[in-house]
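Chain naming follows the written order as A, B, C and D, and within any one chain the residues start at number 1.
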């Protein structure tokens, strides 16, 4: 194994957001830095982005580029969920546990109803059950009107097209909307080998937070709404939340490059394959076992704490996963990205094997 | 006049945010794109930025980089102003007229008390008077606890150090805080030939929204708080408003390059001098006269509407300034930036002179 | 003049809310205190109230009883105005100056655009002008979508049916709604000798805060919406703002008694006539003159400060009216109510005449 | 059994808020209806109320009378919990399930962390565990800073003084505040035979929503804060949420009468004893068994659905209790009040026994 060119930075598996920017995207930023352009999204690049998204998703849509996933998610919910309503999501959903209350802030106080959901995946029966229960409770309950699912989930699992459809069917039965937190949408898409349209609006999804940052962008996500009647609300909410860039071309340019020539899918494929490689390697080590199937670019393993400590001491970075219940205490998370090198993966496996005798 | 190299993009004087990114800043972005780095602001570049800001401002401070001026302003106010309080500002202040209610959103509904203020400059007497009036009104009034001033103002004027001090003294008399919207802080600073510290905390300013985007950055502003007791609140509010970048290094790198070797002051000086050049040229044209003194990088002129229409028809971009009263209807705004070329300015003056016989 | 039965409490002209409860209303409270009843508005009395309101206003409507005027107003605005929009009102409107930011709270941060309006009356031209201006400003402005007028105004003036119609016509031109703060609606109605329907929905009013507290109730106002599509929103917002009484019958009973046999109009007529009597008396005193015509139950007079001080020293209560501009400093407000006794009015005039030589 | 005087209204066990007003309290309302009085809480009765509360609770305190429990609770949380923080409560807590998001509204979006808590009682270990977990999660989590407990709980259980102390000790360890939802505080107090001070501030409670409506008032609760530093915030929030009555004397008069001569404790004792009588009777019926111990004025029983249906058909009113899990489906709730008659209880038992063969 040639690990001579590795440095400590390469040993960072803490998250896919520790990676830098995809060269193609950085190039696009440099290239669009030419002369003046209309600000606040009235530039030609932003116009091209919307067209491109319509092609990629095979439908008319409205698109709101922003810099962070939290912004995209909270913006989506603020459009779909009135302050006196609620959103059903997995207990471990990013919107419920990692955004410091952003959805509550943007919606003006709408509640999140977090369902216990193994692997972070909502089960249609559980969603149906909570709708059914709350609908009988009347005016005292903040009625759920939105279902939000993470694709892929916070536990590295993905929904198939059929699974998305089944959830959306439940939502529709209760006249509720469906939001998809797609911070790692591309990773799920390549896993499912599905078309973007099939995975979203054709399956019943109303709003998609399409992530790019974790998959090679500098800071770019785009809220996609398949119902143009939300235009005014989304537009105004983006502005008043401070998420409309004056120099919008630099946001749109990232996203255009991201979608160009399938870069988003190539990057995601690479990240996913590195995750599988890592999972394959680690499961060959005694005392380490997978905590979840690896379907995207995250690897969750049960590992003795002392092994984790010695890996950390050797400069490896990864996350202690305490979310959920106490019984997960010794689960650790490793995340790969478009930039993960195969020898860095092998290096990690090698060290783990050395530590565990 | 050599205008052979001008294209339509060079004729865009609509705002300083139509400009691209300063080459030095783009270079810094490219250079920091190397390997993995801790996310959410725990990277080395962000650490360096804070140190650098402490040097530049000659004091300890806490700094919160964000992508837009609206975010910096609203974040500042959310820290300084409780939901049941209010902020005194100029009627024409950006926070009051151009942010679609962002301050009200971030503060949870605190009111803005917009004072009629010629040129966008708050007068200490007027501020004292509104404090005095509201303090006698008691619990029914959302009591003002913050004064927000724009440096430079939305009308291209600047406050001297003494003027800032006088306003802050009034605020202090009523135990109120002072926020400075410094979207064009550098332009005001070079006009005043003042030290950053003298213009801010030494004069009584508690929070500064230090702008970089309009002066050469891609998308970067930094909220500076001179009182570290606000750390938790600002930190949490930045996160839940979606303004904490996962790849924070790319935000900090812009700001570091901005402050490096005085780039921010050089850029601002250039913009200011282009504004003076434009003002000088336009005032030589009959029927055109200055509506405000030119102290920063904005030029406001009274101009016949037909002249404006013919300039626009020739590809020039600038703003019809209708804010304030109907009598301002024929005021137009031209903004210069770090990227404005002197021959583009001369070209504009030339055309204006040709149109006005 | 027989003032032998007067006590200091009778000398209180500070507001109409210093009065007690109309005997008819207190009687209704005592009478409805019989046995159990369904809570949260599902009781028979509340049902009767809605029917009665439909009769009084000659149309179908939905009604939301609450205990305070601030609640009724803020609830109305929360239904009509999205968080990123704004409401046009008079600068001196109660919603803008006396509710400590309740409208901003309930709407989630929507702005109030307070127009300078002599006597607290909105002028159609001024409203048209602000609509026109903001509509050209685009996405950066919190667009006004509601016009709120006070009937009667905070300066004791009333709108005629024609004036309400004219304002509503302007609002309609811009697809905006109309809210009427009717804390003193009955006083305006009897002054105009108009039918409730003509003064409201037939003139274009969408939402009415119908006040009862200031005119004889213990604590009762009712938000009336003439468009039933707002039912869910108003219902939920009332609950989550804590304004749905569990024992709703005691709220509805007040309002039913208020409307019974024209009590509301009788009470208002008395209050108005006491105001006219007071105005007539005071204007007979040298150095005292009316600041506003007396159209409802409030009397605003210019009066030397020393006269005011001596009246206060004699136990009279009234308000120093500093709102608006400094030039109003010596305006004082006297308010009459359903409970004001004519000899208390005469007593006040008598004392004022004695003080002013 | 003499049930000749019973009517259908007497068969209403749906809630304690279906009852009317205690005669002593109605008398107080009638008696305070004499002459004018200062509005907005500056009246003599409100002043007396505060004094009386200080006596009853044996300490200095600040008190904010409002009309509903939702208002008192949400107001309390808005003072204790910043928008970017959270409150720990039982999953079934009224604030989490029955107030349509009022806490989220008043706090500006602070989250509720609902812990699975059998009987609605928070366990110190569970509270400690969630504090411990969230404290390690850092800035992405809305950190809990308040613990809210219901006394008595939504399942009719009560905390002993020692239990309150234990919970408050956990909260203190994490620098968190303690709120007690005392909608049925008197019922818990008489059950525990404890002094109000021992049950609250001496045990570590910072804020108490002291209920009166469910126990004999018309519409009156009082938020009690044992830390006067919250005065400004609570005062302003009460005003801007529309919960400051202009004729405050009628709110305070209810509460004064409530506390006078131990009426609150007598009423609660009666309600509790009626609940015990009912529980005793029902558990004598085959196929009916208690679902929870009866410690206050609520009786939860397992009962065959058909029995419930036939009771309902006979005019009895009670609640189907579906909260929590599906396994509670056949739990029904009966609530007694100060006004419940013993023969009505016996009547219910009699019918139940007749239905169940």
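What to note about this one:
Criterion: contacts are C-beta pairs under 8 Å (C-beta built on N, C-alpha and C of every residue); 3 or more make two chains touch, one makes a residue touch a chain.
These figures come from a predicted structure and were not determined experimentally.
By count of C-beta pairs in contact, A-B exceeds the other of the chain pairs A-B and A-D.
Over half of the residue-numbered contact pairs of B-C are shared by just one pair in C-D, A-C or A-D, which is A-D.
In whole angstrom, the spacing between the mean C-alpha positions of chain B and chain D is 51. One inter-chain figure worth recording: chain A and chain B are separated by 34 Å, centre to centre, where each centre is the mean of the chain's CA atoms. If you average the Cα atoms of chain A and of chain D, the two centres end up 42 Å apart.
Residue positions 40, 83-84, 99-101, 105, 108-109, 139-140, 142, 236, 239-240, 244 of chain D are each in touch with at least two other chains.
Taken in their complex, chain B has these residues touching chain C: 83-84, 86, 97-101, 104-105, 107-112, 129, 133, 136-137, 139-142, 322, 326.
Chain B makes touch with chain D in their complex at residues 40, 82-85, 108-109, 139-140, 142-143, 233, 235-237, 239-240, 244. The part of chain C that touches chain D in the complex is made up of residues 7, 9-10, 12, 14-15, 17-21, 26, 29-30, 33-40, 66-72, 74-75, 99-102, 105-106, 213-214, 218-219, 236, 239-247, 250-251, 339.
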